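Below are two complexes that have chain A in common, paired first with chain B and then with chain C.
What follows is the complex of A and B.
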């Protein structure tokens, strides 16, 4: 009787542990905050890519229903994959695209834009990467969709692909 | 005599400035060791040299210099990236099993060993 009790408790314990690990490993390890919708985009001051003048996000984020803030670099290969989608989005009048050039060489970034077309309304530079951390980015490329109240309504970690592109289009239709 | 006093004061000032510098450095290292690297997620930013880890180190340094406390810096990163970013997460409803399980296993194991020990002692 006692032996049986031991066996059952061991089996229950093993099943319990198995499920903890099973669900733990299945879960995505890239964390997106739950309250992201209530988060306002920080008003950072960065240098303009072309003029080098100090520009704040509050000065840029005006006059549109939606904004897409895209962190990119010429050395980042996935950025090349997502770039055509950004160029297509540029044609949509309800969204403004703002670029943050992350730790890049100016000449290389210019070449990149020449080669792939410039979808950005304005580009700001983040030479030491601190602004991207203040925003809460995980890597390059990364995109934040903001509404007109400057609140983050969607965060895309990694490159924009066809599926995500359609999601953005649906989102800005509303 | 006067120069001696002046030299003494300079020495004291230097000593104090050095100690405050090393305290900041110690705090910076402590925080860096407790923050997870976003790219190489098995490493702390202290050990990592990825671009994002380097940027995070700069942010930590800047926040210390601006007078933020260790807790305030952690809460800044927690708001941005969640509890996940900390290597030493706080006890909460999501992770209570991980905190309590080892203690539970230790207690149950202890009771089992004690019982076996008593049984074998009785047989003797």
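What follows is the complex of A and C.
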């Protein structure tokens, strides 16, 4: 009898653990390390995609409550996935979208923008990828959301999907 | 391009062969004369062969920087050195799973070749369980994390650019750890098979012992390498941070350590059957559980970024499938143990092994709770916390003291019966000696905390006794004495290291001097050099000690030019008795440098003792079997 109870309790405990883990996975898991949260976006100087003139981030990051810096390339497939969300986000007046074109051919990038609509206010080019390293990017696509003080408040690794899109909308509402 | 397909098809072939083995081994369990028994060898070999093919195609893809492959694209870069291109193969999620599979298939094949003296039923069942695990990994690889996804148009440059992750230790640390994890799968499968067939006895223990020791040795070395990496790369002089990912590698090691002792008791005395089986199950499931926790991103840790909940879900289901499978098998066949009611005397090796088990189980549960408690809390109450070193220190240190004392006495007892009192006097004398020694050490260095003094006494006790055993027993049981000696050295070094670590922080200009105990630290000069994409500022420090040679340390600051990114490269000077650790930082708008100098005694001995511990394991793997004491 005693034997049976201990078997039951072990099985029940394991099932309980399973559900905890299961719901743990479903939880929002946006985790931004503290040092990124307080990190100021570096003031880089890059060439403008259209005019090729030198532009510094300090000149661009003015006059909005939030900024989204998006690193993209025409050869990057996930960038196409996230593109519609960026276009949608463009309609939101409280955020400015700035693109960094990463290691791309100019013709391909232009074709990409023609085909899918241009969501960016300004596009800068990063031909050798150095600027993206300095910003602290892991890969393409990657997005940084900055607040008024040019501090990074959120970093999105990989494409923006529906869930992340809603998170961004929540974030800039406040 | 063609290699992408080759790798992918090799994986599919693996899957087909695995299914064939799975189905036919089920049918040959009922029909003993099934054709399979003869061909199983070849099938297992071919499966291994295809896994090798798949893995080598991935390596070649990395070497030639073929960015049409998504894994290569995300984790490599043309300008990476060749060594890191190759190690990049298993430095990412997909590649590391492929490595798991490769090692799994190899060990399945190797087990079957080397288990000819076991009953054929048991071998087939072991292979069957092994096949369940392999199939789980194969489905996971092909469905949720295929390393051979193709990208079109082909990008011209890869994305694996972070130079910080290029470290030789980081390249060899995961495969060593994996070898340890994967070998526990053989122990797991074999113990389930033995359980079903009622074969768990001293002969089984004798055969499985080798596998237990192989996996224990690899795990020990793997953890050591990870720890060394943390010291040099992340380190502000620390080597263990109680980070969830570190804990996860420590938990299977603890249960495996208990298993090592249980297997020996089972072999020598035919006791602890159920302990052995349960520990085999726990060890393996903890290994998979670790993979789940790390890969799913459920934990907040420095090691986990860019993760995928879908993958987590798959591993979770697979993990609990294995857990429930083994738990039910255990409940059903539990009665099959050949129990013999041997009376356990208090002063025997058996009793101390059981005691050791309970202690290890306690340490294991503390670490397990500390690691998964944040998840439970977050799900149940939406609160986010992280459990840090104080929790572990508080709960582990008090129990470490009796544990160390029992560990000193236990190996000196005999199996079955012991005339304990003959040795009592000697043990007591050593005990008093170590108390005096630790009091002296504490007094001399001005440490008066009582609990630390007692802990120090206990570790001195273990240290002296293991040295005595090492000398006295000599070659009789040297794998045990060496490992135990290594462990005592480890505890002692960690303890002395944490007590006597010393540091000074100060702001200095060129020409400044600071005093640190009996030394004078002098900032001699600064030097600027320009490197490819950063500016290097080298500071030359001279450390003068009375009546001793001078020491020059050269820490660096690197200033990456475009944005002002500043990194510090510490200067570490390793000596036999202490490490000297010097790091500088720029003070803003000032000509001063912020200087942090640390002296960490016995750092080197922590690494050495871990090597000694695993040396004991290696010796046991190659040792010939001893006689039975029944």
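Basically, the second predicted complex is superposed on the first by the 141 of 174 C-alpha atoms of A that agree within 3 Å, B and C clash if a C-alpha of one lies under 4 Å from a C-alpha of the other, contacts with A are read in each partner's own complex, and residues count from 1 in each chain.
Everything that follows uses one rule, which is that a contact is a pair of C-beta atoms (placed from the backbone, for glycine too) under 8 Å apart; a residue touches a chain by one contact, two chains touch by 3 or more.
These figures come from a predicted structure and were not determined experimentally.
In the superposed pair of complexes, A:50 makes contact with neither chain B nor chain C. In the superposition on chain A, A:8 makes contact with neither chain B nor chain C.
Touch criterion met: A:21 reaches chain C, while chain B stays clear of it. Note: residues 20, 29, 31, 33, 103, 129-130, 132-135, 138-140 of chain A belong to the chain B contact set and to the chain C contact set alike, using the contact criterion stated above. Chain A makes touch with chain C in their complex at residues 7, 10-11, 14, 18, 20-27, 29, 31, 33, 42-45, 73, 75-77, 103, 129-135, 138-140, 157-158.
Of all residues in chain C, those touching chain A in their complex are 74, 151, 153-157, 159-162, 292, 296-298, 300, 302, 305-306, 309, 312-313, 316, 320, 323-324, 327, 331, 375-376, 378-380, 533, 560, 562-565.
Interface residues of chain A facing chain B in the complex, by the touch rule stated above, are 20, 29, 31-33, 39, 102-103, 128-130, 132-140. Within the complex, the chain B residues that touch chain A are 38-39, 41, 51-52, 54-56, 58-59, 62, 79-82, 84-85, 97.
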